[in-house]
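Input: structures, listed below.
Each of the two complexes below includes chain A, the first together with chain B, the second together with chain C.
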Partner chain A sequence: MDEEYDCIVLGTGLKECILSGMLSVSGKKVLHVDRNKYYGGESASICPLEELFSKFAAAPPDESYGRGRDWNVDLIPKFLMANGSLVKLLIHTGVTRYLEFKSVEGSYVYKGGKIAKVPVDQKEALASDLMGVFEKRRFRNFLVYVQDFQADDPKTWKDFDPNTQNMQALYEKYSLDKNTQDFTGHALALHRDDSYLNRPAIETVNRIKLYSESLARYGKSPYLYPMYGLGELPQGFARLSAIYGGTYMLDKPIDEIVLGEGGRVVGVRSGNEIAKCKQVYCDPTYVPDKVHKKGKVIRCICLLDHPIANTKDALSTQIIIPQKQVGRSSDIYVSVVSYTHQVAAKGWFIAMVSTTVETDNPEVEIKPGLDLLGTIRQKFVSVSDYFEPTDDGLQSQIFISQSYDATTHFETTCLDVLDIFKRGTGEEFDFSKIKHELGDEEQ
Partner chain B sequence: MATIRVPEQKIILCGEYGVGKSSIFRRFTNNTFVTATDRKSTLGLDHCSKIFSPSDRDLKLQLWDTGGMERVASITSSYYKFAEAAILVFSFDNPASFHVLSQHLLDIVTYAENAKIFLCGNKSDLIEEPPQITDSEMDNFCEQCHNLISGIYKTSCKTGEGLEEMFVDIASQLVNMNRSKIELQSIEQHGFKIVPYEEESQDDGCIC
Partner chain C sequence: MLAAVLTSFRQSVIFVCYHFRLLCIKLVLHRKTIYEKAFLCGRKAIGTLVIRDLTRKITSKLFLVNKIMATNRTGAAQRPNGATQGKICQFKLVLLGESAVGKSSLVLRFVKGQFHEYQESTIGAAFLTQTICLDDTTVKFEIWDTAGQERYHSLAPMYYRGAQAAIVVYDITNQDTFGRAKTWVKELQRQASPTIVIALAGNKQDLANKRMVEYEEAQTYADENGLLFMETSAKTAMNVNDIFLAIAKKLPKNEQTSGQGGSAQGRRLAEGDAGAKAPGNCCK
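Showing the complex of A and B:
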């Protein structure tokens, strides 16, 4: 460990692993350390099942759960948008070659105590039972507008400037009612709350486009999920980093981040060893005094031996409960994966209900989500703090990622990573630095 | 243009740091050898595919190297996923690398349950007289692991001896074992790889 590095990365969560990979690829000498014995930190998928039960201090699972090793349970539920930034990162870095994916089968939205399929194209909009006859037509016109919209071609804006006018105005232009606004903003544009209504419409238009372009790629839904669970993602980027020369150390406690002149980081100490470096990249748990708490997220892992009712027995699905439907100010998310992804034993499903905590009794808050699941065989609840760094790291050269938020996809994760990379290196990540096809070496 | 895809089999190299896994990988890739442990020579190299045609059936062996992760940390479990075969490597000049093999074997059976496992004694040019690891010790090891080992090879990356033979033999064993399996592979059971938009239209839209 007593060596000198350009960068030391602490924690092997997804964000840190992506950063480590990007830094190694950019030619930096990287040391990547985790205090745990395993890769992935909070982004790991827990295997075997016995470990999940003991993590939550529950009695060991009985025989009905099948082989413990067949389970890989995520702690933080998320899906990939098929045309989203993480997929782009995976393709550009070549990490996609380590992974296999399945398309998530269904995308649903909650309305009036029931769930309905999220309509995305004109045909589905006309068939949807979310809207009345006249509203369907208005919604269809709105979808056509979004589809034809090109940010660089004002002719497609149809006398509406999405850069200055807000989303509320766009809804009003198409006379969409509150209900339609609700599922458009939350189930298509995937906003967590209603603050987007007062922001320029371009943001939401682009999000809806991302949703429909993602849907167009693999069918059924805009979401993808990796075989063997999300824990495969950080591991893939860790391998990328190692392939490009990064050094890995696990099970290594970090005792101190050593600062030098002007409060700039000069190294990292573990016991008597000090590794020197010019920069540190880490998750909030390694620097409790440099982050502040911004809120809390509740996540409830539910093990089920049946699919969710009214989803056509989907083996994977996402259900969004828009805030207003249940009198809240942030959405509740339900995501379901199953044995088909090699994350559960045959016949089993893992449902995860999560939301941003708003009251002193978060378990009650997620009840509308739990109620959709039917009989729950086992339930594990965790409430975790959501941390943000107190500064941008330019002074100390310690760059800290934000905790994982309640969103069910990786868009905010990637934004954070790209922003940290830019702050740390002073440049945007140059995707061309990676050998494009691995084909190079086989032809 | 519809082309018949040659079945591809992922093979992983396992074993202690310094036994010559990357040398085997380098021989496989471009048939070269370097003496110095030089990280740079494998930098950016991840895995490599070559077509073998045992008993007139084409099979693409896709060999994966560890990327040096085992030096201080452990290898990620995802390294083992989807592997059809694993080569357990030890070196003849380092008895410790042989005696620790059961640990690596355990990792393989845990994370790559269905992989066929092969034993490879590397640096055969350094075998002393009497040898530090004897043939009977190797046989004993195979017996102890309940005949999980499907083949034993002696190789020298320095001279190139035994390597081609090893891969040909592994290929022919995989062809026989997987004959029915490959044909039965259904999309139902498997996920897909994500590829850039442009590549999707091509028939061999595999990015690796």
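Showing the complex of A and C:
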């Protein structure tokens, strides 16, 4: 460990692993350390099942749960948008070769105590029972507008400037009612709250486009989920980093981040060893004095021995409960994966209900989500703080990622990573750097 | 009688080939020093050009010999013009072993027929593929190198995941690496699929005069644990193709196991996948 590195990355969560991979690919000498003896930190998938039970101090699982080794339970639920930034990162870096994915079977939205399939194209819109007859026609027109919309071609804007006018105005232009606005904004554009209504419409239009382009890629739903759980993602990027020369050390406690002149980082100490470096990249848990709490996220892992009602027995699905439907100001998300993804024993389902905490009694807040699940065999609730760095890291050269938020996809994760990379290296990540080399490598 | 003559003839051909190869390797190595000398003298002598031409010819011969040997090894059942019409089976093969025992060198020798005396610690290519023809079956190995992650016990579970074959490598001149190899075998038995085919490779056989691990000791250990075992040399190519071939033979080749990269499980993502979507999902 007593060596000199360009960058030391602390923690092997997904964000840190992507960063480590990008830095190694860019020619930096990287040391990547985790205090745990497993990869993934908070973004790990817990295996075997016994470990999950003991983590939450529950009595060990009985035989009905099958082999414990067959389980890989995520602590943070998320899906990949098939055409989103994480998939682009995976493909461009070649990490996709280490992974296999399955399309999530359905995407649902909650309305008036029931769930309905999220309509995305004109045909589905007309068949959907989310809207009345006249509303369907209006929604269809709106979808056509979004589909034809090209950000760089004002002709497709149809007398509406999406850069200056807000989303509320666009809804009004198409006379969409509150209900339609609700599922469009939350289940298609995947906004977490209603603040988007007052922001320029272009943001939401692009999000809806991302949704429908993602859907077009593999069908059924716009979401993908990796076999063996989300914990495979950090491992894949860690491998990328290692292939490009990154050094990996697990099970290595970090005792101090050593600062030098002007509060600039000069190294990292573990016991008596000091590794020198010019920069540190880490998750909030390694620098508690350099982050502040911005909120809380509640996540409830539910083990089920049956699929969710009204989802056509889908083996994987996402249900979004828009805030207004249950009198909240942030959405509740339900994600379901199952044995088909090799994350549970045969016949088992893992549902995760999560949301941003708004009250002192978060468990009550997620009740509408839990109520959709039917009989829950086992439930594990965790409330975690959401941290943000107190500064941009340019002074100290310590770049800190944000905690994982309540969103059900990785778009914000990637934005954070790309932003940190830019701050740390002063440049955007150059995807061309890696593609060339991959060409050589393939036989 | 005829068969015996043929066999002995084949063996002698192999013998001749092998020694011719060694000679070539020496010449190739020699070439390098000639170049260096010429460079040092600053002489652009015509002589070296001739030599370069000569060595190039030899190298191409070397390549041919390599091929001949490979076909010889793949067994008599294969026809020279053997159109491989049979099925293709793909397997994930992982390499394990202490740092610097020659894991990458073995792969490089097997996949590209190359050997570098001072192979750097694994950087860059850690995902190679190579195919072997076995009777009517084409076996495609998807070979995973550790990328150095074994060094501080930081190999990810993903590495073992779905691996159908493993080569555990040790260095015959270093007893410790043999001990580590045993640990890796245990690790595989614990973490990997119960049906995994494991081969033990005692590498650096060319340094047999510095041997610290006896052949018999390793063979006994391998027998006790149901492992394939060979002593190999990435440097001289000894047993390199053979060990992969032995693994290929031992792997089950029914449909179920060959679905590694396929759609039986999940899907691999690729660029421009949009075109690959199932027509049934297209509702335009």
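The working rule: the second predicted complex is superposed on the first by the 435 of 443 C-alpha atoms of A that agree within 3 Å, B and C clash if a C-alpha of one lies under 4 Å from a C-alpha of the other, contacts with A are read in each partner's own complex, and residues count from 1 in each chain.
By our rule, a residue touches a chain if its C-beta (ideal position, glycine included) is under 8 Å from a C-beta of that chain, and two chains touch if they have at least 3 such contacts.
Small disclaimer: the values here were computed from a predicted structure and weren't measured.
*Asks:* Consider chain A as the common anchor and indicate whether chain B and chain C clash or fit when overlaid.
*Replies:* clash
*Asks:* Would you check which partner chain A:Y228 touches, where first means chain B only, second means chain C only, and both and neither mean what they say?
*Replies:* So A:Y228 meets both chain B and chain C here.
*Asks:* Going by the contact rule set out at the top, does A:D121 touch chain B (first), chain C (second), both, or neither?
*Replies:* second
*Asks:* Look at A:R239 in the shared chain and tell me whether it touches chain B only, chain C only, both, or neither; answer first, second, both or neither.
*Replies:* Both partners, chain B and chain C.
*Asks:* Does chain B (first) or chain C (second) touch A:F349, or do both, or does neither?
*Replies:* neither
*Asks:* Kindly classify A:K220 by the partners it touches after superposition: chain B alone (first), chain C alone (second), both, or neither?
*Replies:* second
*Asks:* Per the contact definition in the header, classify A:Y108: touching chain B only (first), chain C only (second), both, or neither.
*Replies:* Neither partner.
*Asks:* For A:L250, is the partner it touches chain B (first), chain C (second), both, or none of the two (neither)?
*Replies:* both
*Asks:* Could you give the residue numbers on chain A that contact chain B in one complex and chain C in the other?
*Replies:* 39, 47, 87, 90-91, 94, 96-102, 218, 224, 226-228, 232, 235-236, 238-239, 242-245, 247-250, 341, 437, 441-442
*Asks:* How about chain C: which of its residues touch chain A in the complex?
*Replies:* Contact set of chain C toward chain A: 111, 122-130, 147-149, 151-154, 156-159, 161, 265-271, 273-274, 277-278, 280-281, 283.
*Asks:* Given the complex with chain A, which residues does chain B contribute to the contact?
*Replies:* 29, 39-40, 43-50, 66-69, 71-74, 76-79, 81-82, 110, 190-196, 207-208
*Asks:* Please name which positions on chain A make contact with chain B in the complex.
*Replies:* Residues of chain A touching chain B: 37, 39, 47, 69, 82, 87, 90-91, 94, 96-102, 218, 224, 226-228, 231-232, 235-236, 238-239, 242-245, 247-250, 341, 435, 437-439, 441-442.
*Asks:* Within their complex, state which residues of chain A touch chain C.
*Replies:* 38-39, 47, 87, 90-91, 94, 96-103, 121, 123, 216-220, 224, 226-228, 232, 235-236, 238-239, 242-245, 247-252, 341-342, 437, 440-443
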